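Below you'll find the structures, each written out as structure tokens.
Two complexes follow with subunit A in common, the first pairing it with subunit B and the second with subunit C.
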Partner chain A sequence: MSFSNFEPATILAILPEILLLGLAIIILLVDLLFKRSEKSFLGWLTAIGLTVILVVTLAYSRPTGEDPLILGGMLRHDWPAYTFNIVLIFAAAITAILSVGIPEIADRGEYFALLVVATMGMNLMAASADLVMLFLAIETTSIPLYILAGFLKGDNKSTESGLKYFLFGAVTSAVMLYGFSLLYGLTGETNIYRLAEAMRVGELSPLLLGGTALLVLVGFAFKISAAPFHFWSPDVYEGAPTPITAFISTASKAAGFAVLIRFMLAVFPAIEAEWTWILAIMATLTMTIGNILALAQTNIKRLLAYSSVAHAGYALIGLVALSTLGTASVVFYLATYILTNLAAFAVVIVFARAAGSEEIANYAGLSRRSPYLSLAFLIAMLSLGGMPPLVGFVAKFYVFAAAVQSGWIWLAFVGVLNAIIGLYYYLTVLKVVYLYRSEEDDNLIPVPRSYAFALALCSLAIILIGTLSAPWFNWAMNAAQSLF
Partner chain B sequence: MIPLSWYLIFAAILFSIGLYGALARRNALAILMAIELMLNAVNLNLVAFWRYITPGAVSGQAFALIVFAVAASEAAVGLALIISIYRRRRTVAMEEINMMKW
Partner chain C sequence: MTFPLLSIIVFTPITFGVLLLFFPAENHRAIRVTALIGATIALGASVFAYFSYDQAAAGYQFIEKVPWIPTFGISYHVGVDGMNLPLVLLTGVVMFTGVLISWGIDDRPRDFFAFLFILATGVFGVFASLDLFQLFFFYEIAVFPMYLLIAIWGWKVTREYAAMKLTLYLFVGSVIALIGGLAMYFAAGMNSFDMLELESAGFSTVFQKIWFPFVFFGFAVLGGIFPVHNWSPDGHVAAPTAVSMFHAGVLMKLGAFASLRVGIMLLPEGAKFWAPLILALATVNVVYGAFIASVQTDFKYVIGFSSVSHMGLVLLGFATLNLDGMTGAGIQMFSHGVMTALFFAVVGMVYDRAHTREIPRLGGFAKLMPLVAVAFIIGGLVSMGMPGFSGFIAEFPIFMGLWQTQPIVAIIAAISIVITAGYIMRVVGRVFFGELPAEFEGKITPINNLDRLALVVLAAILILIGVYPSIMAPLVESGAEAVLALVGGA
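Right, the complex of A and B next:
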């Protein structure tokens, strides 16, 4: 592990992370210079900074064909990492726009700085190739997110949400870390690409490996909120400030999947048959529990929380398929899920600011109070439910196709049945929006410009990627190929 | 020299006590202490493995040091969250922190 072969290419490879750290420092400095009442532009500053970083990453940080392991094997700069970097920075930029104008949040520099630092942690998660780096990246993501979930100190629900998120997260990450320590002890290696080789040479018993895999899976399942480690998600989602709920349910989940895919494929090829079965059962449980509990919800944020649990289940199907198509379908699924869920949460925020409510029953008459907002909600909900020609349909189609191709027909069947249950509760919400009336029908809901921009961007992308999915899916295929 | 297995068994017991405490305790501070026990068990594992299996490489030691640092920052954030909830509710008992259910 020497730095003698340090090259400019290494700087380019970690350019997004360097720039994100720089942006966080700039936000904190700007925060010092202005008075409280003048700081409402911080959200835009963050969003513009993240957009610039996104463009720079697209232009300069493209993986080259050479040795992808950089910085002494700590990170692997490859197509999956690059793809997830772009998706995660995009999600953070939209979250920053959604935070503009929200009281107690929009004028706080530390809020945006923590958001950017969490994004940096997620980018590192997607690229980590070493147990030490992986643990550090996961904690760099989690710790700012705990604070952000409990950010509204004057709000009982938010403080409760932060504490619950922290306790669940700390316990599961300690269990995962115990698994890491055993992996290190069994092989004497910390680099995840050398672990598998050392396991093969050491002829370790599958039982021991399986037990270690289970310990590690606890931590990953928490990050992607897969059953049976999903209990935190409805409470945390309901209590956290809504932009943070959107961020946790999209970016944090995608980063968790990035780690899960890389880790399982690289470290445990020896017990492939066993862990795919464990994940298949986990996917079945996750989808079914998420969808069935979502049916009974009356709060829109809790409904979206259970729906996001269910979506983690669908995405897991693609990983179970254990093929290039399967992995590509997971990447594609997550990218599209991020777009769709951000749009859905944007509508929830606009409505909560105007009407002061998160109860589904109060959405009655929304189609008359703001037709455009309802249209965006319609697009987001139908896409989450998997209706063609929206992107949610294409994503589900690829995931199920991958499962069928690899012989997991029963799992694809369970997935389709679950998609039908899911469609039912999405349509129930839309029924309230479009068919029910309320006394406040004439009371129009204003849509602030920042939200209109974010909603238009996400809705257009949902329709465009849904109708023209081939180039995007090819990108995902490209990313998946370098994992096998 | 003390065999490696003694350290591993001790770490496993410590980890189990911590996990039991985290799941069974009702006081948020006690849960935080239980989590610290689990992290200490991990550190014991790491240092023992380093000494017995790869004494030449520093990776195990570096890993343990990073776990220390992260555990400290995690404890700081956890205590801050507990204080912020205590100021509003005058309690840190988890069964009373239940505004949101189902």
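Right, the complex of A and C next:
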């Protein structure tokens, strides 16, 4: 590694990360300056800060045509990294807005600072091109998330959630790190692109490589909650503060996919066939297990947890396709899934604030108690179920198209059959919302302005990107092309 | 830039639907009036399109094409010819009369009309579509509002079950067809979802034989083909009146039309190969549907199963793959749509007053609601294929076409006409004539003018086509010729 050819352009490339770190520090400082009762603006401060960073990233951090490997090969500043950066910062901003109305966390500076640091870690994950950097980035993301999941100290479930997340995370990280060490041992390289080159030349035994790949895959599969490493997700999702659940189920998963995509396309072309079969089986398991277990849930957060497992499975289909179109479809799928799931969780938070419940049965009569909240829920759920004109439809369409194009027709069929199971339980929830009545029908549910804003933004985007997906998909194609 | 007539037809309903969502929920009158305005505009535009279509020129007209997702060669591409133009008109008619019939809905009418109008846009969009992706897009839009419409406003006893069953059946069918569509897209390798271009893709015979069943039967689920017809009577019965009208009148045509447009027209060799199976299944539809209809005691189930039977005739017409059969199927789609809308409107009016649909418990309604009785009898005559009504114009060519290909099927299917006459007569006799049960004495309120208008419009169309077939037959024939040009032969 050498830092001799350091250029000012490098600063621009890691500008988002620098700014995020700055924002975290500012939040901590502001936190010290104000009294507890005056600090409810912290969420908005974070959201606005993140929005500014988003705009700056969009304007100045675009990848240039030059050598994308920067900082001595630690990071690769390319279109996929840039795309994921934007998506992740957006998700963090929405999460910050969703946190504004929750009493136990709205006035806690450390909460928002940890959120921002985790986002920084995710951005680094998306760009890491070196095993060491990758591991550091994953831990920078995970450790704040463990704390955030257990943030509600008075709540046993939250504590359980934090602890469980930590234990699962630590074990899978260890296995993954062991895989990394084997990779280094086999090739003598830590940069994943040079490592790939070394593997091609080295004529290593495919069995050894495959075994190592599986070890590494454990860590990534944990991050994206793919079966059979999904067991943590329902408990963690249920116990964590809901904005954090939203964040883990969207941004953290997307960051995991960013790593998986980069790693897989760079490191394992040598054992392509076996690798894609493993992923195909994993996708099938993930979708099927996620969807079937979701059927039996009575708690909305657990339902969304299993649904998020299933969605990881759909996204994996695009990865199995192993083509530009496939990769683009994964990127597009994740970005839109983030949008949709954030909207769904926003509704869950608003409802829990007013009704104090996360049981699906208690959603009865919601359409009378708040028609617009129900409409937002309808849009989010149907988009998750893959109905046009919402974005979930085109996202699934692209993924299945990629599978058919690459000849994975059986996988596409598995995908569509799963989509049907998915639709069933999303409709079951909507049935409760729209059809059933409760004794509290006249008890209107207020929607605070911050949530109304977040919901309107997400819902409009769901419809707009769903009907006019061309420019967004082209962006994803652009990102995918630079990986091939 | 020409006048975007079809886009206006397609997007008027959803525009009004979204507009309605911003109305205050309590203002029922404003909501209904706005809905009626929207429906009238859509109907007016489709009538205008129907009569300004240049029959001499034939082919696709009022074409609009705008790139939508260029990476995939997807465009927003609409156009109508002799096959789908009547269906666009049908949708306009059913939507308009459906709004009239639904005037009395008091439970959240805002949401009801909004969902109904989103559904209508989906239906118009499919019928007018010349792009495969667009067809799927609108097809799914047409499926999901159905769930809510039935589950929320439907018949309390079966609505949850029926709504879920219907949605899942249709979704299964459509996603299987979607994979077939994707397979076609990649096999053609033209980077285009444009159906006019895919028609000339020259798929290999083997490819067509493999993928035809996925596409055809995937869509035919919504057309009510045996043995996956089961969602339809349950759905019809559970749905509120206007939704039953839409459902049986228009949605089933959506399935049949999509099977024709995507299955038969894009994979003609596959159609020839699989035609015997379609013939066999559709014959079961026709005969079995009629038999089941004749043993129902629930008024609405009679009509529900009669739809299964009549849709079988449409599929039979397709499977003949000749001009007579295809033309007949085209007219039958329109005729059955209007007829069944009329039937369900009548059933709804009777049920709203008697609060029962058990045929043995009803009687003598002709005295109390003469117009309703007349309307039902007209529908019944259409259903039996009586000359002078549109049913004859539709069914006669289908049987002619069948005779040319499979005389035995024609004979078997013709049995259904007798059975149909039997159950229609029974219903007419029991429900509208005979003694009025004492429990209804003085309790039956007359229907209002909006209901009357709806019945008159629907009945008038059925008679008009019956006595003056050249208003529709040559048009549909030109569409059928275009289909056969692709299939070749015959």
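As a convention for this text, the second predicted complex is superposed on the first by the 484 of 484 C-alpha atoms of A that agree within 3 Å, B and C clash if a C-alpha of one lies under 4 Å from a C-alpha of the other, contacts with A are read in each partner's own complex, and residues count from 1 in each chain.
Just so it is clear, a contact is a pair of C-beta atoms (placed from the backbone, for glycine too) under 8 Å apart; a residue touches a chain by one contact, two chains touch by 3 or more.
These numbers come from a predicted model, not from an experiment.
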Which of subunit B and subunit C A:Ser323 touches, first, second, both or neither: neither
Subunit B versus subunit C as contact partner of A:Phe473, first or second or both or neither: second
Which of subunit B and subunit C A:Ser482 touches, first, second, both or neither: neither
Partner chain(s) touched by A:Ser367 [first = subunit B, second = subunit C, both, neither]: second
Subunit B versus subunit C as contact partner of A:Tyr434, first or second or both or neither: second
Doubly contacted subunit A residues - partners subunit C and subunit B: none
For the subunit A and subunit B complex, residues of the former touching the latter: 131-132, 135-136, 139, 143, 146-147, 150, 153-154, 156-157, 159-164, 166-167, 170-171, 174-175, 177-178, 180-182, 184-185, 188, 190, 234-235, 238-239, 296
Contacting residues of subunit B [partner subunit A, same complex]: 8, 15, 18-19, 22-23, 28, 31-32, 35, 38-39, 41-42, 45-46, 48-49, 53-54, 57, 59-60, 62-63, 66-67, 70, 73-74, 77-78, 80-82, 84-85, 87-89, 94, 97, 99-102
Subunit C-facing residues of subunit A, complex: 367-368, 371, 375, 382, 387-389, 393-394, 397, 400-401, 404-405, 409, 412-413, 416-417, 419-420, 423-424, 427-428, 430-431, 434-435, 468-470, 473-474, 477
For the subunit C and subunit A complex, residues of the former touching the latter: 21, 25, 67-72, 108, 111, 133, 136-138, 140-141, 143-144, 147-148, 151-152, 160, 163-164, 167-168, 171-172, 175-176, 178-179, 182-183, 185-186
